[in-house]
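Here it is, the structure, as structure tokens.
The chains carry the letters A, B, C, D and E, assigned in the order they are written, with residues numbered from 1 in each.
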Amino acid sequence: KDSELPAIKVSSKAWTEQLTLGSMTLQYLEAKGYEVEDRTGLGETPMLRPAIQSGEIDLYWEYTGTTLMVNMKSDVVTDSKECYEMVKKWDAETNNITWLDPANANNTYILMVREDFAKEKNLATVSELADYIKAGNEIRLGAGIEFVERPDGIKGLETLYDFKFDRDLLSSMAIGITYEALKNGQVDVAMGFGTDGRIISMNFNVLEDNLKFFPVYNPAPIVRSEILEQYPDLESDLNKLPALLTGEVLQELNRRVDVDGLEPEEAAEEFLRANGLID
Amino acid sequence: MIKIEGVSKYYKGMDRPAVSKLDLEIKEGEICVFVGPSGCGKTTTMKMINRIIEPTNGIISIDGKNILEFDADELRLGIGYVIQKVGLFPHYTVFENIAVVPKLKGWKEDKVMSRVRELLDVVDLDPDENMYKYPNQLSGGQKQRVGVARAMAANPSVMLMDEPFGAVDPITRNQLQNEFLALQKKVKMTICFVTHDIDEAIKMGDKIAIMNNGKLVQYDTPENILFSPINEFVEEFVGSDRALKVLNLLRVSSIMEAYMPTIRYGSDSSQINEFYNNSNFAIVLNDDNKLQGYIDINRIVEKKNVEKWCDYIRTYDICLGIDSTLKDAMVAMLENDMKTIPVLDDEKKYIGVVNFDMIKSHVGREYETTIE
Amino acid sequence: MIKIEGVSKYYKGMDRPAVSKLDLEIKEGEICVFVGPSGCGKTTTMKMINRIIEPTNGIISIDGKNILEFDADELRLGIGYVIQKVGLFPHYTVFENIAVVPKLKGWKEDKVMSRVRELLDVVDLDPDENMYKYPNQLSGGQKQRVGVARAMAANPSVMLMDEPFGAVDPITRNQLQNEFLALQKKVKMTICFVTHDIDEAIKMGDKIAIMNNGKLVQYDTPENILFSPINEFVEEFVGSDRALKVLNLLRVSSIMEAYMPTIRYGSDSSQINEFYNNSNFAIVLNDDNKLQGYIDINRIVEKKNVEKWCDYIRTYDICLGIDSTLKDAMVAMLENDMKTIPVLDDEKKYIGVVNFDMIKSHVGREYETTIE
Amino acid sequence: MSTLKYFIKNIDKITDLTMEHIELISLAMCFALIIWISIGILIRNHNKLANGLLGVASIIMSIPSISIYGILVTIPGFGLSRLSAVFALVLYAMLPIMRNVYLALNEVDESIIEAARGMGMKKNQILWKIQLPLAFPIIFAGVRVALVMMVGIATLAVYIGERNLGRLIQQGITRTHMDMVLTGGLLVAILAIVVDGVMALIQKKLISPGLHLDS
Amino acid sequence: MNEIINILLYDAPELVLQHLIIVTIALTSAIFLAVPLGVLLTREKLKPYSNKIIAILNTAQGVPSLAVIAIFLKFLGIGYFPSIVALCLYGLLPIAQNTIAGISNIDPDILESAKGIGLSKNKVLIDVELPLAFPVIIAGIQTSAVLIVGTAAIAQLIGAGGLGKLIFTGISQFRPELTIIGAILSALMAIVFDRGLGSINKRIEKKYK
């Protein structure tokens, strides 16, 4: 609006949902007349965090659980609201970063199995998987690297459910490859993300986290407070987005990209248009 | 015997043939030297004989058998080959280089070993000192010797030698030539020898094939090439001093005359008087025909001291052997300012003299009979 | 004038010096040829003169000035240098190669151009055809010519030539030598010339420096080297036929004698009778001393036909010019079976004869006076 | 076929990414040329130093490129900036460029340099007029190797926030979108080939015809 | 510090071993494919095509390692096998190219005298051409080895494990120490391969150079 002000540097992580959210934000703000700069797909949390703290980027969609676990190094919190308040307070105080409204979607880690496999072995929950493994059955797990390493990843899961994946049967690989590997039968259980569009289209069953191990991962735009001060309308404008993004909506958006082959930009545009946010 | 009949070679992309309608026969045990300016087709001819290159037209046969009837590798195993640029295998020792063909022929190890030693002796390299050196540790001349040894390793009856002594200094070269000629006298291989040096050709060849622009210009003995070059090209090629080059080919034994009067040492003075009417000089010999010297009869008679003629005998500073060339004779005359030089046989017995007139008329006569 | 005083060179890691206590003086306008076996230190000596290598001991001066007092680059700009391996710049054309030094000296472009053309003419390369070729497009001999032209480009008063004609065939080599000698007659540079070929040394050198093992063995004129080699090494190095080599150096003008009786063509028969008492032969001349032929007086007198003596004149098949060498004379005698050969001056006037005895005693005399 | 469709559909984005790719490489190449050629020239007569530097260069070469990025990105001052990407690429160019400059200068035929010295050319003149022109083909070959390598290695810079053709590959992998991977991979390959071809043309123009006559 | 020691003691050995296995298998297969390929391309009949085939290999080399591995994922799935195939292909070019260069740079005079002496074509290849080209071929293998060791880090992305795991974990977790350890170990491995092969070469070359 005021051309004196610097462009808003919108970023995102480098996978489908993040790219879609990033693009959605960009297109939306641009339509609203904001000056924006596209820095989407910059990297993972360890890179985006320092970037937003140093002002190299201004805004991206972060997940409550991620900040809680990775940055605050806090224990697991499974309540959405509590978790959100904790990270919002922490970031406002220590990093001068503002959490806008969270979306009502939980993109937490999940464990998936093929539908036929689930039926055959009678697996529906993580506990059942744990029992199955403890009974001496071999299970090949495919997971992204960070899932193997993070405290809210395998190690914590194993502790809570009291079992152990055979490390020799564990393959770590790029995020996204896990779906392909599971589909092709190269692994039996794969790590995935709760809102991923491929879960349905590839006929995977999600194993229920019956002991509530995985933290909540509600996505919310986080913005440098300084920017919000410079653009007084930004907060209210942006808060329109999370309100629309339920779990189903996100999953559908992801599906449009990962399964139907749309570009993240296209899926975002489609969404914005459908909701009358751009013309 | 190597027979080349109507052989031509066109290289791809060349408008004129590298070798054109060559006809030539090399007799068993002879050295045929190919000579001619650079690019005249010498190497090409040689390579066609061992089928490194296939002729475009014509037939080459060895001992009456068309070389195409041989298996190419077998053929080459039986032909020694000394390449223009030596081409030793750098990763093999001198021993291994020489042993390649004998080993291929399946010789026993100790036979190979003794053959290698023998060959190194032949080319005048100390076997113990050099056998386990690598080619890089040898000088250019030594490499060429090894190359020659390698080619002769399995007693080939035919040898192809492409400028085998090209890369060595003149002194070593001369030495190598002599050694090789001495060897050839014993083993009598049939040899094609390429050089661009006419002097080397004259020295080494039983026959010389002079080539130019892929054609055989003249094929004859060195003498005939020198005395009667077939055209101006050959004449220029052999050089303006060919009359002197000829001297190198002719031996004193062939022109030497025994016309000089001789007198036996200690014979009585009446003989001197007898000579006095015919001649001024006499050669003085021992009883067993050994040369004592010469005597100037004028001087004795003048001095009225005929009785003691033996005191006036003068000795010769220099004599020639029966194998000496006319060139040796000329050098001797010039260096010692002598008109006549005596020639002795292998047992040092006097057999005659040569002088410049004899040389001159011999060479001149050859010219007269062969020119035109 | 180049003066080398007590110069030695020790290369690192060598136990004996490459050049040892060299003393030598090369006069203005002279060609000094360094000759000797491979590795004797010829190249090293040459390179010390233009400071490519610094001597370990001793002083080298040019025109009386120690070369160390020059700026090294300046010194080299004034000295032409033909390197043993030619060393043309492959990325420059022939023109650019030759133009390097003139351009460094800041000559104007058209002067450079005309100089390059002139030099290419001198070394017998067609300028238009070759000027814009790259070294890779030239044959070995052509490269060497360009190398020589490049060295002479800026009219250096001193030239260092390290085996400049090494890589060419004998015919071209001879031609290059002659061209170069003709050129040197005109421009009179002071030249150090390296070769390992004694014949080339004899031909090219005003002085010859024979080296062995880094030491100067003999430094003298070619004649003296041939006539009186200082020791066995030199003797062997110059070759056993040095008496014949000498012939190449001596000119008939120096030994020719006019002792043969002459008779004028058409003079009356009483003169013949006069001769008859002294001699058998007479040279017949025209009024203007042009050679008519010779006459065998015995034959006329025998035939009782003295009046018509002119009918018995025989012509000479061959004559020598005043510049002919003794070698030419010998060749003429041998080829034509002639005892005496007349010598004519530049205007074809008769001035005398040579025969083998004259040659022999001249050479023999030289030996006598110089040996021992 | 679907790859082609993908390509056509996203031509704008792909063009952007390609331009970014070229920009990054050009920038890195400029620095690499200036730095490594100068150093190559400086060390030409110092064998020990040269061997040391060449050792360092070959060690750098053997470090997986992805980890160089990973390390650089954590160094304050580099971070997610383009500086990190350029720096890494320049490091990788060290071996091919510097080594070839050094080797080529030392490989110039001794006799040619001697001739030049003998003619009175100064050290600098010999360097500029003789050694460098003669070394040029080899130096250029090194530059070409470096350039082609850079085109490939630059793709990994997307892991530290660069946007270039590597992004197609990286996202294609996380999204298991093979058309993207293929498009990215092929474009990078084509870019490498084109860049190399262009360099070959330049090389032909720049190198004295006297030098490539023998090849 | 403790953590680093832990990584070195517990995680690294296994990863190094995995890395080593991938690299060794890939390199060995590359050698066994590329050397015969190179030799074939120097034979008279195929010589005219050698330029074209090398050009194709060159193109393949232009495809970034990341993409090669991703593309192979499509056809061969995840894990060791596709990584090894991809890495092997990646290592072909330097070896093939050097084999060709090594053989065609042999002094033609040596080949001619070998032929002239009567060695059969096979004998010439085995006794003369290959031994003389050996140093150049080894140099190609060295290049290939370094390339494969470095590229193998990426194989991690399709689940082949190896040192890439440390490196990528380091990057995604912002733990440079992991990346550095991975990089150093990988570089060390590359250097060991390089030096090892180099010393074989030196030993042989020393004899006659």
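FYI, a residue touches a chain if its C-beta (ideal position, glycine included) is under 8 Å from a C-beta of that chain, and two chains touch if they have at least 3 such contacts.
None of the values given here were measured: they were computed from a predicted structure.
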*Chains touching both chain A and chain B*: E
_Using the stated contact rule, I'd like to know whether D-E or A-D comes out ahead in C-beta pair count._
D-E
*In whole angstrom, what separates the CA-based centres of chain B and chain D?*
63
*asked:* Can you compute the centre-to-centre distance for chain B and chain E, using the mean CA position of each chain? Integer Å is fine.
replied: 58
*Whole-Å gap between the CA centroids of chain A and chain C*: 96
*asked:* Measuring centre to centre with CA averages, how many angstrom lie between chain A and chain E?
replied: 39
*In chain E, which residues are in touch with two or more of the other chains?*
73, 157, 168, 171, 174
*Of all the residues in chain A, which ones touch at least 2 other chains?*
47, 50, 174, 177, 180
*Any chance you could list the residues of chain D touching two or more other chains?*
73, 159, 170, 173
*Looking at the whole structure, which two-chain pairs count as touching?*
A-D, A-E, B-C, B-E, C-D, D-E
*asked:* For a test of understanding, state which residues of chain C touch chain B in their complex under the given definition.
replied: 37-38, 169-171, 196-198, 236-237, 240-241, 243-244, 246-247, 327, 330-331, 333-339, 356-357, 359-361, 363-365, 367-368
*Residue ranges of chain E touching chain D (in the complex, touch as defined)*: 58-68, 70-71, 73-74, 146, 149-154, 157, 163-164, 167-168, 170-171, 174, 176, 179-180, 182-184, 186-187, 190-191, 194
*chain E-touching residues of chain A, taken from the complex the two chains share*: 44-47, 49-50, 142, 145-146, 148-150, 171-174, 177, 180-181, 184, 186
*Note which residues of chain E are touching chain A in the complex, please.*
73, 77-79, 156-159, 161, 165, 168-169, 171-175
*chain C - residues contacting chain D, complex*: 47, 50, 52, 73-79, 81, 83-93, 100-101, 104, 134-137, 147, 150-151, 160
